[in-house]
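Which chain is which? They are A, B, C, D, E and F, in the order written, and residues in each are numbered from 1.
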Amino acid sequence: MTEIKDLLSGMNTVVRPDGRKVDELRPATITRHFTDVPEGSVLICCGNTRVMCTATFTPGVPRWRKDSGLGWVTAEYAMLPRATAERTDRESVKGKVGGRTHEISRLIGRCLRGVVNMKALGENQIQIDCDVLQADGGTRTASITGAYVALVDALNWAEAHKHIRSAARVLTDSVSAVSVGVIDGTPMLDLPYVEDSKAMTDMNVAMTGSGKFIEIQGTAEHRPFDRDELNTLLDLATKGNRELQAIQQAALAKD
Amino acid sequence: MTEIKDLLSGMNTVVRPDGRKVDELRPATITRHFTDVPEGSVLICCGNTRVMCTATFTPGVPRWRKDSGLGWVTAEYAMLPRATAERTDRESVKGKVGGRTHEISRLIGRCLRGVVNMKALGENQIQIDCDVLQADGGTRTASITGAYVALVDALNWAEAHKHIRSAARVLTDSVSAVSVGVIDGTPMLDLPYVEDSKAMTDMNVAMTGSGKFIEIQGTAEHRPFDRDELNTLLDLATKGNRELQAIQQAALAKD
Amino acid sequence: MTEIKDLLSGMNTVVRPDGRKVDELRPATITRHFTDVPEGSVLICCGNTRVMCTATFTPGVPRWRKDSGLGWVTAEYAMLPRATAERTDRESVKGKVGGRTHEISRLIGRCLRGVVNMKALGENQIQIDCDVLQADGGTRTASITGAYVALVDALNWAEAHKHIRSAARVLTDSVSAVSVGVIDGTPMLDLPYVEDSKAMTDMNVAMTGSGKFIEIQGTAEHRPFDRDELNTLLDLATKGNRELQAIQQAALAKD
Amino acid sequence: MTEIKDLLSGMNTVVRPDGRKVDELRPATITRHFTDVPEGSVLICCGNTRVMCTATFTPGVPRWRKDSGLGWVTAEYAMLPRATAERTDRESVKGKVGGRTHEISRLIGRCLRGVVNMKALGENQIQIDCDVLQADGGTRTASITGAYVALVDALNWAEAHKHIRSAARVLTDSVSAVSVGVIDGTPMLDLPYVEDSKAMTDMNVAMTGSGKFIEIQGTAEHRPFDRDELNTLLDLATKGNRELQAIQQAALAKD
Amino acid sequence: MTEIKDLLSGMNTVVRPDGRKVDELRPATITRHFTDVPEGSVLICCGNTRVMCTATFTPGVPRWRKDSGLGWVTAEYAMLPRATAERTDRESVKGKVGGRTHEISRLIGRCLRGVVNMKALGENQIQIDCDVLQADGGTRTASITGAYVALVDALNWAEAHKHIRSAARVLTDSVSAVSVGVIDGTPMLDLPYVEDSKAMTDMNVAMTGSGKFIEIQGTAEHRPFDRDELNTLLDLATKGNRELQAIQQAALAKD
Amino acid sequence: MTEIKDLLSGMNTVVRPDGRKVDELRPATITRHFTDVPEGSVLICCGNTRVMCTATFTPGVPRWRKDSGLGWVTAEYAMLPRATAERTDRESVKGKVGGRTHEISRLIGRCLRGVVNMKALGENQIQIDCDVLQADGGTRTASITGAYVALVDALNWAEAHKHIRSAARVLTDSVSAVSVGVIDGTPMLDLPYVEDSKAMTDMNVAMTGSGKFIEIQGTAEHRPFDRDELNTLLDLATKGNRELQAIQQAALAKD
């Protein structure tokens, strides 16, 4: 990571509200078997952001996928009403799923499908549910990182229960995600809410364990960014994802 | 409680799947400050049932209540999709709140309003959210018992922040709830899912700390019950609520 | 009923707005064959409350019940917009069924299922519709009482049309329901709207012809009640249901 | 009406299922004060079709009409689930109002607005509700005919309660409606369901007491009609409306 | 058309905002193959009103029509949000289809079914979509006129692709529609928005190429009309439809 | 663009289905004043993809933005039912906006807000509507490119009508967007549907006239991509956007 250090050399004097360095992740923990019933059940905490990720394995696929020989992975994201500082109305009560929820659910689904061999999964479905218990920025990236671990547990369960031949063959790689952004001109890693709301550029980057990109979503509603800034942000994201993947592996190594 | 002992004398030989006696509660714990943001945030575990209960204090009341000088307390109940053995579709995705959810949300709201002096609360609103993380029977009664503790925390917060003069004056009493039922002819206390699904008669009883009833909901879709059975069930519920109220008080005594 | 007389001795001096005694039902009438088309069609009037109850018999059961050998009974309750003093918006126009409607529909369904032998019904479905033409308190209990008569007519129709072997074998008992409540400290039977809105405790009690309970829903949002009050209320409800069942039988005896 | 007799001379030998002549209305009755609460409440029976029509008078108008000095009249039509031979699912449960319901509600509203002087009504609103208790063809025309009588009662109530100066000034005319159609080449008046479902051409005609048209809705999905047939149908409709208006006047003459 | 000239002789001095005579259509053009993908795709312009009409041919029919040997034709109408002077909210965003949309969709469907032989169509479905790009009065009648041409193209496509034996046998006639109305006492043909909004009587008339009526929808919310006015309006509509049918034929004659 | 030529040197032998080179845009045209009523109305054609983009200027902002001194820009995207090879059901009929629609509407809104100075816009709102008349890949990027031109027209209208002081001051830059992707290992510019559905990696890139990024959305559900591929894709997108911006400027230069 020496190259990032150089790139960011001038930035390290920046003081972040929580005392972190610009290229430093918030403390992250992953708790497996958070609840007892689902095939995979994970609590991921990234700073004060806490997301419960479950993976449900079901033999069979939706109708449009029948007789294809291929499996399916899908995801739904939601926030509990009081995950946020001000209570958010329930989408079930409003009667419709909002645009932001839709957008994030689709993102999570794509990221996980990006590391799944659908043929090896066979005609089985995995449904990921990411429910945010507490939100402090980066809920979508924490969801992806936690969901991957729940997915592994669900596949191992399916292997143990003879629904699939080999969990290892289904997984082509691992995946994690992290947010990066530019605040007052300084690129930073892993933004909590207080920084996220001030970011001029905001980017979510999902990467595989082998260091490739699955999703890059950069948005600069408040100030466009140039190629150099992009490169710095991608360097930061690469560093962050590498560290998150180590935490994923450590969690999965425990029994 | 000597009279229950007598009434139930013949029943104590019954073996319940989890080894409990017929008049024994499942282990129950109440964790306050489960999340950081809400004015009240409680995790209640009753056996394997786990519910997160938050209380949101908001100055002001809904429009229909304006200028009445009275406050308002309302509640919403929901299950996370994988709280259950089989995944349940999200009501937000289905686009409507189901009948069972409506029924339970209304029950929780009535029980809490039953111990609140709306005049002392003034024109302020408390919104209770009960989200079931894991369901193993008795989710609605656990919600009531946990929500009361979250309510107390929210009122203490409101007193500390000068929104109300005195939390103690708002609360006219405490409230807890427990389920009882008749299984294979035997009345039992605090039914987990495996028992609940076999119960001929099922009753949820919410009681105040002073031992009075706020709600009795007895239903006997599968076999009507007579006055004697009713009395035994109410005795069991009285015993269970007394014990749950001790757990509530112990949790509130901690700082 | 001598014991009620004693219990209530001090209460009989209370003057109710409509001149009734505390343990006196409103005049109740049940008109069968109110409309021509349904298998069962009943108009029930309890004081000024008027509910049209129809029972629709359909061979076959919903998909989740297929191949079980069991039948199904379900109910829907609704109010016409101008059943009430102020016009209520239609739920069809609002686009969703409200919590109160859901709660009552489910209550009616459970009460009727409580007296039906699903095996004897076979794989047939009965749908109960209770539409309130005019509401003056007690609409849910009137719905149950009227729906039972419509159910009997529908079963007799099904027997006559050879859909079931014997209506008598399907019915394990009869069912009626009545409201009771505590007003200004006095327990009373069968509350019209003017009393219902002042009741501190409000209880709906559904009982079988053999005097057992199918549902007890007591709610005391405004003042908790103790065991003695509960017992008095149940005595009143027993008296009221006995009288309503006589009216049901008389209606069914007519051709 | 001699000219119709001539036009139809050859047709009078046609035997209709219920024995009527081609230019004969079904027996029609109008019962005022059918329920007690609404400002206007009418039960209209046209043969086996029975519709409950209520008129709700409310001071004030919807927001878009404020400060116009003008009133508003609107209507909603609905069928009870078991008004029909096969049970129809409730639109409240389906979560949306169907196209047919929308179309009819709008038709009823236009017809009544066609005889109301909005300036004389002042900033007051009348909401018409037409709920079909039993459907046997012609429910929309029966709704219009019955709703007019409910409207008159509501306006008289409003005059008596000093909400408007004069009911007579608000009403510019009376209105009724009837269906006509061509069956097997023969034009006929007032079609019950059995005829309506066979009609090649189907027309609903709303007319004022002074014999003018407010709405003509002719539809010939199954066989186009020519100008001569149109004229015969309009003659029949004129005759039918004249008779219905006599029934309206007779009902309004009673106290 | 000499008879209309006489009837209208006194009216021809009326100056319309766009300089037309009272019995004169707005310039109308029909462009086939407006988009490439649909089986039929037409842009119809009637003055400033522009509607895109597509016809989708699909083998097979909806479930309720299966095994009948008959085809089905259905239509949906919608306005783009900025077809109107003030932007209209999308019905997809509001979550429900409005009454006006429902009413018009049903009208278009009936008109087209009125010229289709369902037996000759066989078990195939045609879905008409009419999307208003710009609205200046008469959008529903322009939709019908344009949709007929799209329908012909779709049927010719189906014949060429061997889905049906003969497009000519499916079509029993052609159909077009035009609006007429009474403005300040003067009957007029083909009303743009500025006239439509002032019309006391408003009528939409769909006619076949052989001069018969398929739909007449006359509404006189603002002033009833008598038989003479009706006859004049029908004469105007006949003239307008004859001219529109010539434009349809000319468009279809081009390759 | 010499550097792209080099990077792509080996790729230029690839034959695309429509004969284009890998770094070649489809023919693109922008027609202003496509309809007469909106403040901005544009038809953009990119190959066979055709989108109608309107911009509605409304004085005032939504409630949550009031008294901020800032304006607001929002967007809605939709497809006509027969824009696609198989007809797509209308979201208005389904009763909810789908996830894809939500995602794209939000993307378009962010891109346009990225070049708008909300302070200079003042408390005024611009609503962008992008309705896809025909879809052949790249509908979201064509929407952004077309919507920018509609936005400029609407701002010029607002300046001419004195709603804003200066359109030029509101616009901080221009914006266009284009899709790029990797097909069979080859990065390509501007994918039509036939290529898009085979792309392993798919990226939409919105850039300003000054060559900065506003949005990068790269997704690799089917095969992750590395940093080199990313750079090639961004080079292609830069070239494409530069050419689209020339087309935008040419369209805006016309009167």
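We adopt the following convention: contacts are C-beta pairs under 8 Å (C-beta built on N, C-alpha and C of every residue); 3 or more make two chains touch, one makes a residue touch a chain.
All values derive from a computational prediction rather than experimental measurement.
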In the contact graph of chains, the distance from chain B to chain F in steps is 2
Min route length, chain touch network, chain C to chain E, equals 2
Contacts shared by chain C with chain D include exactly none
Taking shared numbers over all numbers used, above half giving same and below half different, the chain A and chain F interface sides are same
Interface copy of C-D among D-E, E-F or A-F, with over half of contact pairs matching by residue number, is E-F
CA centroids of chain B and chain C: separation to the nearest Å works out as 27
The distance between the C-alpha centres of chain A and chain B, rounded to whole Å, is 34
Multi-chain contacts in chain A, i.e. residues touching at least two other chains, fall at 95-97
Around the ring from chain B, first stepping to chain C: the sequence of chains is B, C, D, E, F, A
Within the complex, chain D is touched by chain E residues 96-100, 102-103, 105-106, 110, 113-114, 173, 203, 207-208, 210-222, 224-227, 230, 234
Within the complex, chain D is touched by chain C residues 35-38, 41, 48, 50, 52, 54, 56, 58, 76, 78, 80-85, 87, 90-97, 101, 127, 129, 131, 133-134
